[in-house]
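Look for chain A in each of the two complexes below; its partner is chain B in the first and chain C in the second.
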Partner chain A sequence: MRSGVIIGLAVLGALLLSGQPSTKPGRYPSPIDVALAPDGSRLYVVCEGTDELVAADPVTLAVAARVRVGHRPRGIALSPDGSRIYVTNSWSDTVTELDRASLAVTRTLPAGFEPIGLTVDARGQILYVANRLSNDVSVIDLASGSEIKRLAGGRGASYLAAGGAHVYVTHIYPNAGKFRTEPESEITRIETGQSTVDARLRLHNVAGVSHVALSRDGRLGIAAQLRPKNLVPLAHVAHGWAFGDSLAVFGEDVGGVVQLPLDEMERYFSLPFGVAIAPDKSRAYLTASGSDEVAIVDLKRLVAAARSPERDTLANDLSASARYVLARVPVGRNPRGIALSNDGARLYIANHLDDTVSVMDTAAGRITGTIALGGPGVVDPQRRGERLFYSSKFSFQRQFGCANCHLDSTFDGLAWDLEPDGFGVDIVDNRAIEDVSETAPFKWNGGNPDLYTECGPRTERFFFRSQGIRDADLSDLIAYIGSIPLRPNRYRLPSGELTPAQERGKGVFERVRRKDGSPIPEENRCSFCHSGKYYTNRQLADVGTGKPTDRSPLLDVPHLTNVAYSAPYLHDGSARSLEEIWTVFNPKDTHGVTNDLVKDELNDLIEYLKTL
Partner chain B sequence: MRAHKLRINRLVFITVSLGCAILGAGFGADGGKPDTALAYVFTETPRYEPKAWLEGRDRFPAGATLKLVLGQTRRVLAPGFHASADAMVSYDGARVLFSGKHTAAGRWQVWEADLNGGSLRQITHSESDCIRPLYLPTGEVVYTRTGADGAGIEIAGKGLTFAPGRYLTDDILRDGRILFEQGRSAGSRELFTVYPDGTGVEALRCDHGPDRGEARQMASGDAVFRSGSRLARFTSPLAVQTDVAQPEGEGTGPVAEISPGVWLVSLREDAGRFGLYRWDAESRQKAPLETPKDASAVQPAIVAPRIPPREFPSALMPTRTAGNLLCLNSRVSRTPMEGAAVRAVRVYTQNAEGQPALLGQTPVEGDGSFYIQVPGDRPLRMELTDAAGQTVRSERGWFWMRKGEQRICVGCHTGPERAPENKVPEILLKTIVPVKMLEVQQP
Partner chain C sequence: MRLAVFFATIGLLGAAELPRFRWENFTTAQGLPDNRVYSVCADGDKIWAGTDNGLALYQNGKWRVFTPADGLAHRAVLYLALDKQTHDLWIATMGGLSRYSGGRFDTFSQLNSGLPNDVVYSVATHGDFVWVATAAGGSRLNKRTGEWSLFNERNTPMYEIWTYSVTAAEDKVYYAVWGGGVLEYDVKTERWKDYNDPDGETEMVLFKDQGLIHEITTSVSYVNKVLWVATYFGASRYDGRNWRNFLEKDSGLPSNFLNQVKSVDGTRTWFSTDKGLAYFDGEQWATYRPALDTHAPEMLVRNAAGETSRLAVDTAPAHNYIFGVELQGDDIWVATAKGLSHGIRIKQETGKQ
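This part shows the complex of A and B:
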């Protein structure tokens, strides 16, 4: 009894000590994910912006403690017995393990490139971590703390859920596919006995898959997803013309994978992200990170729709959601991860761009409380711009926002048919937007001299098809876009030196003579066009990759920073890999001289490009 | 000096009244009590014929008077008119658009008045009747110009409707589209939408039920309208018309929303005069507000600021003279059709005699897609044919495309509920040049 009291006092003391706000001025907590202790006594909030795990009282809604974790934490999982907390640190490529009672950091575990989501198997022995940039799943033995294997996931592997004898993994970028074919994604199923991939559940015409959740009996799964309409000219937005905000429902209850919409005819459930399934399997909850709401879904009706004879036609039916969506509840800005209390009576919602957690009474379907996570107290222009970037309210019928194509402020791995150029004309790959403010001009034809032109009237007229982001708001948006940092490059050595292969690749990149000794004309050298800090001379060039459907062969020279992550390549996304740029699309050495290079030399070149 | 002071006092009164109106919208669960602070405009008329415009007749053949009600006070909004009607309050709650005429034989024109009693401004100067004006969020005014030869929708004298028939403006939807009704057969009407640049004309829903008109959008996004002798609604999740909770009697639109579920609604019993009532759907109580002895009280509009709709940025390119139309799959429809038999599409316009005239014909691809270029601002009608040239499906009505309009259809009458399948249409893999159908084919 006495020892219990002492431990309790010690824990309390630790909480009080660690409860001092560690938020630095100017940093917004930006909660991204939440989890509840198994006994419901604590709510844990992952704050991506302040590199913290925040513990809060789920009843009083008071913040009880803050603990520093790694850089850009994204996901959280608890061990089945509730004794350990695991947090992914997406820019540190690690997982922080904490003792739940003391909130002390006990270990830092290795992971792949940009770990996002994680889950622990039912036995509490294996930690599965989805790595977005290495497109795989780390399998970590918790006893030893070592990674015992890597499993190939989908491209941009990000979120996981454990159920029964399986772990299910989603990914946000579509897998590599042929030019102008439907995007393909998957739910990667791992059997936890041997930790092997035993199935890849096909998600046809899907990209941007976010969270996945399993019912407690493991028979029903739901993943939040986007159905992009990138292959149809974007002549208008009405009728779900840009995106289908939807879910994938799968498992034994359904008998396969069925895609069902969350949109309505004039009201879109923009950019679905978080998912939770009620313990009694009566309802599911999903967040719409673009339209700032939570959908309450009746699972009996959802399963009925998924098992109906017309199930394969419902994905594009904007009147289908009336069958199973009971309500939509407005919440804070950019709602992301969610967690249910054990009895399913309360739902906790991380409002990423409000720095709050909303508490919903699920029976009443209304918000009953808010946890304030702190922050600077002032919303600066960049933050205002970030809110605009993630909001769908500027597009026609609030269908989509900037973040639909630039997922998590990156890209979407898709090439789009944008109408202003004509139908089927000038297919364009969507480019990454990290650290782009000094890479003008913009657009693949170089037609936009600055970000104001790129993001202002042009976006309003031809993308949003509605009153867009204007005036001071546009300045804020530009301020935010200009602030998006370049994520850490995982291919550079800490010392700054190059590996031998990278060094050889650099030689290829900068060479001035062919292997036979003949000179390479200056304008045909890699380093001529791809020069400067961002590896672009910011000029237009004809490198022979234009198609008959392109209005002009002259293309903006793209920047190459972090080029390794942004496949597909070329202006229209026709090259699935860096290698294909030269082996498929450069037969006449018009895009640099590469046809005298052998496979190993191209590999070296790629190794170097990865470091840029 | 005294006049100035009076004006200030009136401004203060109006401001307070508007504030009260907003506050009043916040309560009102007790449907039995009139809102003493409610501010609204309505049309009082001895005779109301809401569908007379379909036949080119006056909807207010015995005149009409707009009345402004501010709590306990009421006054004629625009004295000196033989007839005034069709009030629409500006989004800032400070002004009102209406149609009015000074004499019985005169033409209806669009006018604007300050609600604080300032001077009137004439917006239209047409030789035709100009009625049912609406504010666009840009400040432009869209209205219906009507006469014996038809009724079309205009902005500042420029037409938005280019097919034969009669059209009447109803409301501006929050997404920026113009909601209007179109006359159909046997005196019935259907609800359509069009963007403010005249592009994208289409039915609001494709269940095509009974007569629908006098529509207005509620804060929920629902469109509430008169359907037959009842009120009905379209709601975003559903592709078909649904009922609304409403009091007994014959209702006529448009209704005005005080707060969610609390409306001003015109009702009558036994084909008598329409009275104006406050209706609370939740408590199912109605309270009379305006029941003039020898007149109807219709067309209520709340006087209060509200969020303006979104502006619509037109993507029309002035250099283009024709419209491009891409159909993704002409073989699919929400109504039964022998889609597999479809092999070609014919496109017609209307000649000077008002008869259909063939613009051209083109095969459809294996996936049902086709891509054509048609004249802008002209009536258009499509017909699908089989391998023998026999008609599989033919449009009954006409539509149009603006010059420079780029339009894509999912299928043949698939309805607004059908989103496109993400797939490159086969016709665009074959060519990016549309089949030109710009001139009438000689027989």
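This part shows the complex of A and C:
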């Protein structure tokens, strides 16, 4: 068990740096979220790439201080009185608490697997933290620093906003659902009196929900979201709309939840991410992390659209956004989190892949300044590739980029109908892409021998419906994909040893005989196909999971690293859990010999797989 | 006539401290999905009822019904447990385990999860763990890691795997194993221990307070370090040192056939039998039911001296066959074979409530 509180040694545990750019060579700050001090005197920028919290002067636009926090910081929140800053460390599974005046680290608080967003309740007593990989929300008592409970969130719980007596939580991966049905997501509503989930606002046909914001009166909420069209062949991108870049608007002002598009005909608002609502509730601002823009939304018009008789049909109406989107302002590359000044006059935008923060004059709707956060000073191929990965500029009508399906360079939890071979033919599960450079071939049928083929011609023709990727760009893109690291595995013990259940499961994974003593043919052993560093022999195999709608039963043996996080499973995503791979889809022992196992042993096998 | 009054008066004097109720009964006529109510669970002002044909929620005077079409694992809901931290409801059904949280059902089955069997008789929550009793042994879900641990004849002293009830506390977890006595899990040492009928699997009671009364156990309740066990052949109480057994012939139990036992504080305890709802306060007993012969409402009292009396009452639970109870403040809710009953506590002017 994790200890209740890891007491940070203030100052000693923190590295309070100067206002100079990060001294670590080769690391880009990659700002991901921003927050303003209550008095507006400081802007705080979470730099995911350098593990820093940067304090900047919002007037002079100069960096004032840098503080080392945990690994891969992602979110920021301030206590209501402004005395404390909280930063999630997504790869450390902790929250760093800092004294705002001194920027000294005061405590390190425990959280779940991959904490992303966080918020403090209005009384300043409870900290809520959304944990992406444990799909839950940590409820932390700030007086004791202990996590008092976990609440079940949506899958990939990530962002939160507090408003009135509630906290609202979004999640980036869709909840588990039936095979080949529209994705279902939710906005999880927590009642802050007892810190319990009291409602889940349904988001039908939605996945990839990012930031959420509440108006100051708590009556209006907005969440940025995607409406993926994964059930029809992606060839239809040419007819418009592989993704509906949209928002969900909810609250008393609206009366329910209404989904409204941000896209325009032939002008898409790719991969919406950050949201802010003006203090006077006149406007909302959203970032498009794939289109490198900020949308300015008129809230009166938005609410009018959300209350209109046709509100339930507007989500698929590409003309609807003209009703309420006032302007789209170009900003830096891959804009993510945003924050408004107290008077709403300035908007600060974290440009993740430019290592800058843009300052927007909201009245004029133009960028008036930029805060440079430092960095290596040169843009290397990996960084160029990362920019391409998140950009939508290569796809038909700039509809989407790699990151639309590989959210935050992971996956999206969806199975797609990618190729122009008819409806429902060759359905493929979207795999994670961490540390994949040595796992060729690619594609579930193993048809692409290397990443150049996978990410070049295939992506151009089948995904983007364009011919836009130059060789130099493709090299950069491959460099980036090859550099995506494996996230820490949360199921391994810190000592590296296996738990008894994991050890028993390893024995099942590596066994060469059935329980009756008869030998298991080599090709039917788990550890034969799933061998090597990445647990793939990089061959094709027919494990009996092919469907009549597949062109071939031969499938690429997938790597298993961090397999615990990437449900659904099998080539077409038909197994909703690791268990179903064998309880449902292995009746003839063609996908490893498992039918002589008792349930205990299957559970052990799964506990072992979760450590890979 | 005079004799009846005498008995009633004696009864009233003896029952001065026993709880009395005005019973309101709910059936399909009031909105329940089925009259066969297996379990009832209170969450503040809300009442959940698990029936043979769906889950029902009573709130603001109205019933709302949930079925498999809403995501419930199976229509037959056998047991309900509230996670007091999160206020999520855990639902044991004939087709898997469901969690109801903020309007969403998540279902765990033997196919999609590590649950050992879809016939789930009981569930209990404690901290980060959910303990489950199934027809193929016990299991424990770690809510933080998703790990399922199974407990059966291969890793516990369990010689039967038909686990029928589970109760969990900070130091101990107990399973009632139908035909296999009681299984105890020590949370600190992570070791198992079994408690069995010293007379073996017979219905004879050779040594009454020497141990568990019978192997066919149906329910366990562990409060204040006192274990109560319900069996089809009487009830047992174990305080960690001594066993004490209770039978129809020498206690106020209306029947030896018990479906559930639920203790309030280790002493004050409710018994769900096939012949009415029984209560024991440590000295006196009460039984609430429609009379077995006339079906007229009655309350039977057995005082500390073993004297029995019948009180005249106006209302009674919906049926004698009781599956389980739930306490809601001073009130009690009773799941019966023919409806759900709400016992509204009648405040007495003297004596403790």
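FYI, the second predicted complex is superposed on the first by the 583 of 612 C-alpha atoms of A that agree within 3 Å, B and C clash if a C-alpha of one lies under 4 Å from a C-alpha of the other, contacts with A are read in each partner's own complex, and residues count from 1 in each chain.
Here is the rule we use: contacts are C-beta pairs under 8 Å (C-beta built on N, C-alpha and C of every residue); 3 or more make two chains touch, one makes a residue touch a chain.
Worth saying up front: this structure is predicted, and the values here are computed from it rather than measured.
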item: Fit-or-clash call for chain B and chain C when the two complexes are aligned on chain A; value: fit
item: Which superposed partner A:Asp198 touches (first chain B, second chain C, both, neither); value: second
item: Contacts of A:Glu580 with chain B and chain C, given as first, second, both or neither; value: second
item: Superposed arrangement, angle subtended at the Cα centre of chain A by chain B and chain C, nearest 10 degrees; value: 130
item: Which of chain B and chain C A:Leu151 touches, first, second, both or neither; value: second
item: Touching partner for A:Ser466 - first (chain B), second (chain C), both, neither; value: first
item: First, second, both or neither for A:Leu486, with chain B first and chain C second; value: neither
item: First (chain B), second (chain C), both or neither touched by A:Ile606; value: second
item: First (chain B), second (chain C), both or neither touched by A:Glu186; value: second
item: Of chain C and chain B, partner touching more chain A residues; value: B
item: Gap in Å between nearest CA atoms once chain C and chain B share a frame through chain A; value: 20
item: Set of chain A residues, in rising order, touched by both chain B and chain C; value: none
item: Touching residues on chain A, where the partner in the complex is chain C; value: 112, 134, 136, 148-152, 175, 186, 188-189, 194, 196-200, 490-491, 501, 576-577, 579-580, 583-584, 598-600, 602-603, 606-607
item: Parts of chain A lying in touch with chain B, wherever the complex brings them together; value: 180, 182-183, 205, 227-233, 235-236, 238-241, 244, 261, 263-267, 316-319, 321-322, 325, 396-397, 417, 419-420, 422-425, 457, 460-462, 464-468, 549
item: Chain A-touching residues of chain C, taken from the complex the two chains share; value: 85-88, 99, 101-104, 106, 110-114, 116, 128, 136, 143-145, 147-150, 152, 154-155
item: Contact footprint of chain A on chain B as seen in their complex; value: 137, 175-176, 200, 221, 236-239, 310-315, 324, 326, 328, 371, 406-408, 410, 416-425, 428-429, 432, 434
